[in-house]
Structure formats: structure tokens, C-alpha cells
Amino acid sequence: MLSVTDLACVRGERRLFSDLAFDLAPGEWLHVQGENGAGKTTLLRALVGLSPPAAGEIRWRGAPIGRLGEDYRRELLYLGHHGAVKEDLTPLENLRVAAALDGRQLDERDTLATLHRFGLKGREELPVRFLSAGQKRRVLLARLVTRQATLWILDEPFTALDVKAVDMLSALIGEHLAAGGMAILTSHQTMPMANGRAVKL
Amino acid sequence: MSALLAIVRRDLLLAMRRKSEMLTALFFFIIVVSLFPLGIGPEPVLLRKIAPGVLWVAALLATMLSLNRLFAADHADGTLEQLALSPTPLGLLVTGKIAAHWLTSGLPLVLLAPVLGVQFDLDASALGILVGALLLGTPLLSLIGAIGAALTLGVRGGGVLLSLLVLPLYVPALIFGAGAVEAHISGLGASGHLSLLAALLALAVFFAPWATTAALRVAME
Amino acid sequence: MIWNSPAEFFAMGGYGLYVWGSFGACVLFMVAEPIMAARRHKQILRTLRRARIAEDLDKEAK
Amino acid sequence: MSNRLINWFKFASPQSFYPLAGKMIPWFWALTAVFGIAGLWLSFFVAPTDAVQGEGYRIIFIHVPASWMSMFIYLVMAAWAGLGLALNTRLSGMMAQALAPTGALMAFLSLWTGALWGKPMWGAWWVWDARLTSELILFFLYIGFIALQAAIDDPRRADKAGAILALVGVVNIPIIYFSVKWWNTLHQGASVSLTKSPSMAQTMLWGMLLMALAFWMYSIAVALMRVRAIILERETHTEWVKELEAVKR
Amino acid sequence: MSALLAIVRRDLLLAMRRKSEMLTALFFFIIVVSLFPLGIGPEPVLLRKIAPGVLWVAALLATMLSLNRLFAADHADGTLEQLALSPTPLGLLVTGKIAAHWLTSGLPLVLLAPVLGVQFDLDASALGILVGALLLGTPLLSLIGAIGAALTLGVRGGGVLLSLLVLPLYVPALIFGAGAVEAHISGLGASGHLSLLAALLALAVFFAPWATTAALRVAME
Amino acid sequence: MLSVTDLACVRGERRLFSDLAFDLAPGEWLHVQGENGAGKTTLLRALVGLSPPAAGEIRWRGAPIGRLGEDYRRELLYLGHHGAVKEDLTPLENLRVAAALDGRQLDERDTLATLHRFGLKGREELPVRFLSAGQKRRVLLARLVTRQATLWILDEPFTALDVKAVDMLSALIGEHLAAGGMAILTSHQTMPMANGRAVKL
């Protein structure tokens, strides 16, 4: 579904990687590996179309992502290093607003259930800025459930999470893959999920 | 279309959460206007003469100060990236954000202006023209300002750079806006100024969201 | 010739300050600007040369 | 036809433009000198004293060329910027960036010489006349462009952001000009009014034209010098830069 | 003492890195001053009358806008916490930061003011008084502003709240500063105003760093 | 040296922990554990004196830290969730400036050596904002070496670091302890260092 050929990325005057190529089929996941500064974040941003690569092509269902535009973005979910949650809103509102921007209406019950699943019980109505580092991260990750995307691109999704949350997240990714989804992850820790292919930068 | 409404609603919700921010923009407007009599002296004739200019300059500055909350917060916390990656075209979302900005920062100025105008001894008909001109002019300020806000996004020292980019572009709005009231006071009639202001607004409605979107894409690269 | 003496030329009919102020500033800036541009060019060349030498030294060290 | 197109793109690459610019610069300096000397000769030794303004009017010989160039350079800059945005050529952004400081200098010189002219003629360094005011705003637009580019570290991003600003500015300059004009004429005129120099003597016109040509050549020469430096700064890590004679030495 | 120098040097270094930020604050000053004639009209007599007021209000606004870079950046990236945890007393470091702020934002305004005064047709002696008043007044603005900047630190919508807190406190500086020039122009002599300004400055030098430090501690809790 | 008695912290109306007590002697280190939102960050901030606790006492060499003030801070180094580096300055300048504020002058050679030790070779002169997430973190951590403090208080020091950097950092902490230093750390990962005592929140 996603196929990358001859990809090269340049930051400043530094060539981070070149001639990168891989394919990703439904049910597969990819572990992007590399030491600090190897270019993992840069690669992910190129894959979602935020910063154009210096060379090479990225295709989704056979068409270049630049041409697909919205059709690609509808199937995509990217969560980066950033918080990407509004600190003034509560977790509940954050999820609702994000869904509304995708053009979907969230069911109150389901949303609450999702937040509880992510261990935010009792914090649904507290503005995000009062939450701890790990709790903020959980609010962001709750979007994995509320927005049904096919391709998940997650930059270090396990940072700041405690052991229970890590288990829960990897189970979630497992379900997603079993349902025919795809995922591309970076992480410096060993992954708690099986069967991933590795891409070394 | 529903996404447009969603973003307007979201930005209004955020503005409500930080109500103090909105109110302080208003108070800034009031204070700047009130500083002038202190700096210049209390002569009523002089004050009446400078009233439209002072009110408009204060409106310009108040709008400008509220501009950097237009995209900066979304940029810093990564939600802007998420907007760019959402299935709705970015241009539409940008239009929504600009509309919300006007509702929270331009409209209150318009509503407040007559009260301040009274302080400068303007009469009722002049106040009417003032409100009309602001009603046409403040959306224009939001639209032009959005371009500047997008261009200075993520740039070090953006706040002041923004004003440097935007204030010169505000000159026509200032001239026609303040000019309308002055022309009315001096008996020349304000319709010419007002229709020029409307024409500028129409131009900006088409052009500004496009330029803003382009600038945002550049900022996120 | 419309000037009778150098003094008259420099006085510019009483407008010396303004005329020479204008022309002087003009000449000053229009000399300074190319010098600055040339310096910028030389500066980058120097940096490039140093980088090249460093590269050569690296190679020799290996 | 296709042949010529290829040639164009060849010179639009920094690699081939760099030596070409190097070859052109001396010619433009020479032209600057020729026109400048001829122009100065005309302005100081041939053009007669003005009946109304005495010798003070001689400022016109730099004031008008500087004013013209300040406006013209903005157009050229915006054109380069637009080209870069549309075709994504690297050189365009560099040209726009190289032109901006010269344009700003011209605007500054126009303001400076105008002020020095205004004091003896109008009795004031500055009046809020339409033309003066719009020149001042043009200067601000230049400064904004330069400041924006300086504030962005990634050159590609700086180019694109600058291009958007330049294009927005080009749309706005006529609007600004006419609005300022209207603003000024609707009011009672300034208490000191602009005394246009009366029908200019033929020699004055020639002097002004020659000086304008000199300014033009100067602007090209200086912009080329600057663009050469910018090319090297941006292409530091390319092979062709490392292979330059000046670097190898 | 060496820590005081170190912090001044650090802030100047940072300002140099963002040179554009400093310059744009200056241009903001210039542009705001130039906006007034556009809003009010070009009559020289009127303009000369409002010149001191306009210049001072613009100086106030320019200082105020540069205030939020005084502590905000250090707060956001956590360096302020580090400063508070450093062995040097925080009060000393704060004094250094205020001094650096004046050097980078107040002093340039003082140097530029005469040029702008000329645009409003002020004569040489009035310009001299203007510069003297600004020389006494701008450090005062930095000192008072620092308190406001510290109080609004980390508060949502701080930017505008800051102006709300600080502008009223600036009123005495504005009245005596603009008053000095006006008194000189109308032949009354400016020394009274100037010595009041100096007294205010002396007061602020002792009081403001202390209040700022206290406010910073609260902001970090 | 550091002794804590009856400590309690409150955020909003939520009591995060109470009756916390522990001692720390030279050469010892403490692992503060707890799930997301348990109050680890809150505890560390109380320990360094940034936010006063609701109840209890914190003593350093027998005296309450509030009274000690500078004398305590001189021996302390706290690195939090935050970057705490100036993005406009280069790594080299960041270290120099931080040292100057502590009243110390850094030797050019040593500083460069430290940066190389932290894997920032070739990035000494690049403004920090261009660095990757892990590289930024390394610049911050380099202060552990350049500022010689006795008590290290580190909030999740291992986030964003790759495997090599984690090893290097734990070796560094080991050296510090061997030299009679003390350390208090939080981390959700298992610690790569031996002999730590755990405090559960």
C-alpha cells in the first residue's frame, strides 16, 4: 500500500540518508531505528507530506502522495514529538474538537470509554495543562482510537508512558494490525510487539 | 463546510477559556486611546480633531497584538500540523480561523468604539460613521494580519517582526477608515471612503486566505 | 564654465550643506555597499578554503 | 526552440550563473563609471543655475534616479520571487535576496536626499506629502522583507516566505500609493507646498537620464556581486564549489 | 558581580543572535510614529502639537512589546528555573537582565527619537529635551515593565494582560516625559518635569528588581 | 546528607502523596517510581525548593533547605522535563553561558571534550534548534559534567536518548556516586544501574 523508493532527506547542508526504499502491506508494521539525530523524525515528516524530501518518491495505493492530498490524509494519522493537545481544553473537549475537524461527531459514551481505557478516569474534566507528562501523552494517544485511520505514523509513542500504558498501547497497535492496519514507529526502547520489520537509518 | 464551522467553534471555545486574553485586548484598546489625552493635553478642539486617527491607530495596534495568537499557539503545540494533515483543505480551515479571530478581536472593538468616541466629544452621526468604517475595516485587518502571522510563524522574534510586516500593509485601511470619519465631520460625506474600504475588503477576502495558506505550508516544512 | 572658483563650487550658492550632504551620503553608501558585498564574498571564500584544508588534513590523517 | 530553453535553464542554475556573473560584473562597473562621470559632469558643470531654486536643485540629479530605482527594484525583486515560487528555481530566491538591500538603499537615499532638498525649498525636512509618505512605506516594505529573510534560518524556507511577502507587497504598493494620494489631497494642502522645478532645461533632463542609467548599472553590478556571495554561502557543500579555482588555491 | 556581568553578556549575546528582533522593535517604533500623521492628517501645526505625546506613546508601546521577551523565553525553555537554582542571588541576575533589556530596547529608541522628531517639525532645542527625557524615562519603563513581565509569566494570554498591568503604571512617566517637551515648547522650562522623572527613576532602581524577583518566584512555584 | 520527613504534596485539591520520608547518604541513589501522574515531578520540584510542599520538612546537612538558600543550590543540579537550553545558541555557547552564570569559567578544551563525550561532535557550532530531540537532551545533560554538583536530581533523564547514550549516562552517574555524589532519578524504564533504593509514590 505504502511504497517508498530512492528516498533522500537533507537538513541544512547535511544529507541524513539516501536511497531508502521499503514497502508496507496491510497488517505490517515498521520499526524505524537509528541513533539520536539519524533522521527518524525527518523521515516520518517526509512520509506524511509535511516536508518534501530532497529526492525519491512516496506512493500510497500506487499514486504519489503529493497528488493524492486529502485522500491520503484521510487515511493517515501522524503523532509527533509534540503534545498536539490544547492545554486549555479538557481531555474530553480535546478529543471532540479533533474529531469535529475531521468531520466526525463523537458519541459521548464511546469517548468517555476511550479516555478510561487510556487511564484518564477522573481527569476528563481537568484542563490538560494540569496533567502530568505521561497523562498529556495519553490524551494525544487516545486519538488513535477515536480517529479511524489506516496508516499510523508514530514518533516515539512510548515516551513518558509508564509500564501499564506501554502494554496497553502495544496491545492497541496489535489490534490495529490484526484489523488490516499499518503502522510506522520510532523508538529507542525495544519494542514490546512482535513481527515488525526494521529500517535502519 | 462542517469542518469550517467546527474550527470556528473550536477557536471560540478556546477564546472563551482564555476570556481574560480577549478582555485584555479590549482594555489595551481602551488604555491606548486614553493615553493620548494624557500625553497631548486636554484641549477639546484638538482632541476632537485627532479622535478618528487615534481610535483607528489604537484599533490597528490592538488587532495586531492579538494576531500572534492566531496561529502561534497551534504551531507550538503541534496542532497546526494536525490541521494540515486533516482531510479538510487547509485553506478552508484558515478561513475559519480568521473568521474566529475577527469575532473575538475585531467585533468587540467595533462595539466598544462609540463609547470611546464619546470621550473625544464626537457627535452621534460621526459615531455612526466610525462604527460603520470599523465594521468594514476590522475584518480587513484580520485578513491582512493573518498573512503576516503565518509568515512570521516559528520565526525567532516573530512578535515584533509581525508588526513590521503588517503595519505598512494596514496603511490603506487606516487612511480610508480614519478618513471616512474626518470627511464626514468636515461635511464632505463618507460614502467614498466607505466604498473603497468595502472594495479592499472584497479583494482581501479572496486573496488573503490563499496567501496565508501558502505561508503556513512554508512555515511547517 | 559656470563656476568662477573652487570656493564658489563648494559653496553651491549657499546650498553647499544640502547639496554636498546629498551627494556625499550617496557616494559614501554607494562605495560602502560594494565593499561590503566584496567582503562577504571574500569571507565565504576564506571559509570554503579552510574547510577544504581541514578535509585534506583529515584525509592525510587517515 | 528546445535548445534555447535548455540554455535558459542552464544559466538559471547557480553553478553556471556564478562564473557568468563574475564575468559580467566588471562590464557593469565600467558602464556605471562612464554614465556616472558623464552625468556628474552634466549635473555640475553644464546644467545652468535654476531660476527659482538656485544651486539647490542639483540634488535632483541623484534624488530622482534613486527614487526611480527604489520603485523599479521592488518590481524586479517581486518578479524574481514570483518566478521562484512558481518554478521552484533556486537562483530566483537568491536574486531576490541580493536585490533587497540595494532597493532599500535606494529608498533610503531618496528619503535622505529629499529631506536635504526639502529643508531649503520648503523650510521643513519632512512633510506628509503623498509621494514622500508612500516612499517611506516602500522603505518599510523593503526592511520587512530583509528582516523576514534574516529571521528564517533555512534558506529554502526564507525564499518562499520572502516571495509570498514580496508578492503581497506588489499588490499593495499601488493601493498604498493611491490611498495616500487621496488622503493627502482630500485635506487642505500642506501649508508648505511642493515647488516643482519649472520646465526643465534640456541639459538637466540629460543629466538626470545619465545619472539614472548610472544608478541602474550600479544596482545590477552590486546585486551581481552580492548574489555571487549568496550562491557560495548556500552551495557550500556541493562538489562544484569545492572544485572552484578560488577555493582550491 | 561576575555573575551580573555574565548575565548581561548572555542576554546581549542572545539579542545579537536575534539581531532582527532588536531592529524590528526599532522599526515598530518608527512605524507607529508614522501611522499617526496618516490617521490624523498632514497639517504641520497640528502635528507639532501632538509630537511629544505621540513619540512617548510609541516609545511606551515599543518597550512594552519587547517586554515579553524579557523572561518569557527563559521561562518556557526552563532556563529561568536554572537561574533560580543557581548560587547567585536571583535579584542580582534580574537586575542584569533588566539592564540588558534597556541596552537592547530602550537605548536605541533614545538614539532614534531625534530623527522622528524632525518629521514632526520639532526644533533643535526641543529635540534635546526630548532625548534627555527619554534617557531618563526609558530605563524607568524597563524597570516597571520587568515587574509586569514577571507577574504575567506563564499566565495564559500574558501578552495582553501584561500591557493591561503595565500601561497604567507607565502613566506618570508618560505625563512627565511628554510634559517636559511640551513645557519647553511653550516656554515654561522643562527642568521641573525632568527632575521628577529622575526621582521616579531613582525610586524604581531600588524597588523594581526586588518586586520582580518576588514575582518570578511566585511564577515558578 | 539529604533527609526528608513527613512530606506531603497537594496539586489542586488532589493529595498526591503524604508521610513520605527517606534519607540519602553520599554514594547512594534513589529511584522515584510511580505511574503517570503519581507525583514524581511534583516531588522533585519540592526537593529542589521550586514549589514548597504542603507539609513536611526537607533538610540538607541538617538544616532546612529554605534557610540554606544559596548554600544548598550551589551543591545541587536539577534537570527537569524541560529543555532548559537556549535554542539560539550553539551547544558550546550554552555550556559556557550556563557556567558563567554559576560564576565559573570553562576551559575551551575541556568543554569540547565534554561535548564529544556526549556524542555532539560536529554539532558544536550548530544552533541547538537544529538538533534532534535526543541531541537537545544531550546538550542539557552535558551540564552534569561541567557543573560539579553533589546532589543530582534528574527527572526522566533517559527520555529521547538512544542506547549508546543511555549507557554513557548511567556510567556517568555511576562515577558520580563512586566519587561520593548523590542522585535522585525518575524513570519508567528499568534502571541500568545497580544498588538504587526505590521510593514508590
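The first chain written gets the first letter, and so on, giving A, B, C, D, E and F; residue counts start at 1 in each chain.
The definition used in the following text is that contacts are C-beta pairs under 8 Å (C-beta built on N, C-alpha and C of every residue); 3 or more make two chains touch, one makes a residue touch a chain.
Here the structure is a predicted model, which is why all the values come from computation and not from measurement.
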*Smallest number of touch links from chain A to reach chain C?*
2
*From chain E, how many touching-chain steps at minimum until you land on chain F?*
1
*Based on C-beta pairs in contact, work out which chain pair has the most and send it over.*
B-E
*Interchain centroid distance [CA atoms averaged], chain D/chain E, Å*: 35
_Approximate Å spacing (C-alpha centroids) for the pair chain C, chain F_ = 52
*Indicate the residues of chain B shared as contacts by at least two other chains.*
17-18, 156-157, 161, 164, 167-168, 171, 175, 221
*Which chain F residues touch at least two other chains?*
81, 88, 127, 130
*For chain C, which residues are shared contacts with two or more other chains?*
none
_Residue ranges of chain E touching chain B (in the complex, touch as defined)_ = 17-18, 20-21, 24-25, 27-28, 31-32, 35-36, 38-41, 46, 49-50, 52-54, 56-57, 60-61, 65-66, 68-69, 156-157, 159-161, 163-164, 167-168, 171, 174-175, 178, 182
*asked:* Taking the touch rule as given, give the residues of chain C at its contact with chain D in the complex, in rising order.
replied: 1-3, 9, 12-15, 18-19, 21-23, 25-26, 29-30, 33-34, 37-38, 40-41, 43-45, 47-49, 51-52
*Can you name the residues of chain E that touch chain D in the complex?*
18-21, 23-24, 27, 30-31, 34, 37-38, 41-45, 47, 118-119, 121
*Name, in rising order, each residue of chain B that touches chain D in their complex.*
147, 151-152, 155-158, 161, 164-165, 167-169, 171-172, 175-176, 179, 183, 188, 196, 200, 207, 211, 214-215, 218-219, 221
_List the residues on chain B that touch chain A in their complex, please._
2-3, 6-7, 9-10, 13-14, 17-18, 73, 77-79, 81-89, 93, 220-221
